[in-house]
Amino acid sequence: MLFNLSVASTEYQSIVNESLWLTPYMVAEQLKVGASNNRVQRVFVEPGLFSIQYSANVNLGAEIHCPETLSEKPYACIPADVLPYLNPSRYCQSDLLANFAMSEFGGEPHGYRRVKAICDWTFQHLAYVSGSTDSETTARDVLVQRQGVCRDFAHLSISLCRGLGIPARYVSGYAIDLEPPDFHGFFEAYLGERWYLFDATRLAPVEGLIRIATGVDASEVPFATLMGTTELKSKVVWARLSNSNQSLPVSGKESAVSTA
Amino acid sequence: MLFNLSVASTEYQSIVNESLWLTPYMVAEQLKVGASNNRVQRVFVEPGLFSIQYSANVNLGAEIHCPETLSEKPYACIPADVLPYLNPSRYCQSDLLANFAMSEFGGEPHGYRRVKAICDWTFQHLAYVSGSTDSETTARDVLVQRQGVCRDFAHLSISLCRGLGIPARYVSGYAIDLEPPDFHGFFEAYLGERWYLFDATRLAPVEGLIRIATGVDASEVPFATLMGTTELKSKVVWARLSNSNQSLPVSGKESAVSTA
Amino acid sequence: MLFNLSVASTEYQSIVNESLWLTPYMVAEQLKVGASNNRVQRVFVEPGLFSIQYSANVNLGAEIHCPETLSEKPYACIPADVLPYLNPSRYCQSDLLANFAMSEFGGEPHGYRRVKAICDWTFQHLAYVSGSTDSETTARDVLVQRQGVCRDFAHLSISLCRGLGIPARYVSGYAIDLEPPDFHGFFEAYLGERWYLFDATRLAPVEGLIRIATGVDASEVPFATLMGTTELKSKVVWARLSNSNQSLPVSGKESAVSTA
Amino acid sequence: MLFNLSVASTEYQSIVNESLWLTPYMVAEQLKVGASNNRVQRVFVEPGLFSIQYSANVNLGAEIHCPETLSEKPYACIPADVLPYLNPSRYCQSDLLANFAMSEFGGEPHGYRRVKAICDWTFQHLAYVSGSTDSETTARDVLVQRQGVCRDFAHLSISLCRGLGIPARYVSGYAIDLEPPDFHGFFEAYLGERWYLFDATRLAPVEGLIRIATGVDASEVPFATLMGTTELKSKVVWARLSNSNQSLPVSGKESAVSTA
């Protein structure tokens, strides 16, 4: 089993403290996976009840958001390590959606405002319906069926950005005061000289998004990867603003029965 | 080989005269196919060059179009022979597009104006690009890629009508002064007490549409169905308004080399 | 609401007696729908609990099955009313599967044995998994994911037949001693001079299949078509062999709460 | 414009010499892109005729192939930098094909022989048909339509490997004496302690494959990425065995007219 629950340590997000409990007790192998060095725990679980719990306190730096002046990077200047986030991926078939993206957003003012326009369009045209999509649902499906959950909102937004030549990538994480409490999925677009967070669902303020992992889409950053026959018994996730300073306590707990 | 080039004889369209030439000479079997009794010619062709030419003069009755007062039929009152045109079909997955149709056109005034709104939307959001689609392209694909040819415009419009509960079907035919000259594909919606013609491409006036065949979508009314290995050598199609009265001369000619 | 529960009356299947109860009491409009004149009941239901129950005793004629000598009809001789069942449809994209069908079954002996080979292949390569597919699942999906329920087995078999030039169509019905008891879906192929029943699921003997309705695929013959918001509360279906003669008692009952 | 024509420098492939000509003369920016540090040239091209030519002499180390004893890596031991090649991607929806892979190859002996069995199956069940697929074609499409070109053979094989838990990735390159001469696409599977090359097309010996770039699938390693309106005028590609030593001269030349 692979778990990807630990919050990332980045320029804008620092970990005050964190803890991971595995029941029954075992040592998890710590892996750095993918271009973003996502922190993955690998455990080998015997058949039987298994539980994993993670908690952390996190400080979020003050991201400067909404700068209307942020521009899109000309294709000739996009850094080499950002170029892969223009490619289509499993859930974000940006090649198929490029025509749509150009006809709908080609005339919008470029830069931050164009990504904002994509988020607004996504929010206005998709219904958030729990259970309406599954692990096979792609951005293309979502564009047609007009409903989905957070990962679908992110996949569609990412595809539209890439279709316009704006690098975009998926971020899994926690979100402060998310209702109902669960893991969250949102995205980043590359503007000016770095990546900026966006969330087309409007379920949580961008300032309250805590990053776990970063990838081309949700296929690269699953919260859990299970080999063998496993049944999820319960899941409890929450994140909230700490009274004191800026630190955000987050917690994720999963219990599962592995039978093979 | 099956050919479906002969114009239909309906309440609103009468054949003044018509002729069919097959080269080399042979007798074509006349079939009535499908719920609309489409006139199909079946020929058994030996390997070698083969040519079929059809001409007709047609009188079109004055269809009363655009009556803004035309209403949609309540589901409980749709005649039994019209009900099948609410089902999804090969190219018109109206079940998949129902959410989209409801969110985009659910609030439009019902009736003729709603079908007109669908045609307008289709015209405004699809680019007419020759060669951009093929025989596998469905309404769902077209909604995403935002380009297609006449049959794609019709398939998307039909799917959106059905998704709203308005019976709709595909019509193959000739169109007066079509540019470039070719066969044409358009559609009908059931309003008030009968079927009304629509054409979302705006390539020809609805008054100049001449019906060949009617079906659930293009899969039911191909102009030619070829078994064995055949290569199309040339195709010439035209329709124009006769100087005198209302009669419309139409002509379609296809030459093909059959090699198996 | 439309219901299509009543058994068909055909050359090989006669109705001894039947009854239909609607609760609360109302008069159902009797419709004949589609090329096969399927018997459809249309009712207009007020919000609230609604129940429909149907029972019948049916005599099944002795279909002569398995005649190894049955041949495929040459394309040039297929009757006009059978030709439409060569077309692709919503769930049976026979055009997309034609290459596969030819490579897998092109070399098989033609006729009944080839359709039998298709059924055998389908049975051997698909897993019957309840809930593994939904109303969007097509034959193409099933060919890839290798699992489905009765309608998926039928859709795949139909598509492969059509891909080989063998007319095939979908039949909804009851099946004797089906386990678990439910409605059933199977198919017919046109061989020799008429339609013959096949069932790739092997869940019930072909001799115990009772026809309700016939169509191009399941999209044309739903057991129930519900407009408005409705929740299914319970469903009980069974069919069994009568002790005496050949008569088969069948019963289907659905209760639903309609809320809009 | 981005070009990815330069051969890679790896443990098993060394560059004796190479040259790149751009006409009109300009300086190409050298980029290292993706997890495999693919060598990409970025050029900014003015409207007008443009030509790029690349030649190299390459020494291929003696890869030890076909060791029947090579085993699959248990999931718990796959290195972190190899794990991403188990994920589904744009063209390799291994999640959708996992059932198929397990039912067809689950019982095969594990290791090198299982990947070999996948290559054999792919070769036997797909027809190599130029022009039968396009840039939208995925492994899932190919599994159904049973035809494709080299990249489709690779995508299907990769998907089947991943579906079985064997990491696999796409390699673009040159192939010695390929007929007709063109770029080539093949794949690698992770076995034992490293990546091994495979080519399900059997168009060239594995010993004569020269790597250009490595990625999750073809979407990550296009030979050319063109922004703006560009028309390809000609393309000449070849690779052959040098008379002397083991060195392989390769050459790729593309001329294009850029008009925007």
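General observations
Just so it is clear, A, B, C and D label the chains in written order, and each chain counts residues from 1 on its own.
Everything below uses one rule, namely that a contact is a pair of C-beta atoms (placed from the backbone, for glycine too) under 8 Å apart; a residue touches a chain by one contact, two chains touch by 3 or more.
Note that the coordinates shown come from a computational prediction; the quantities given were computed from them, not determined experimentally.
Chain C and chain D carry the same sequence, and matching their CA atoms takes a turn of 180 degrees, rounded to a multiple of 5. Taking each chain's centre as the average of its CA atoms, chain B and chain D sit 44 Å apart. Separating the CA-averaged centres of chain B and chain C is a span of 30 Å.
Chain contacts: chain A has residues 96 touching two or more partner chains. Going by the touch rule set out above, the chain pairs that meet are A-B, A-D, B-C, C-D. Chain D makes touch with chain C in their complex at residues 96-97, 99-100, 103, 125, 127, 140, 143-147. Against chain C, in their complex, chain B makes its touches with residues 2, 31-35, 40, 42, 44, 75-76, 80-81, 83-84, 87-90, 93, 95-96, 135-136, 165, 219-220, 227.
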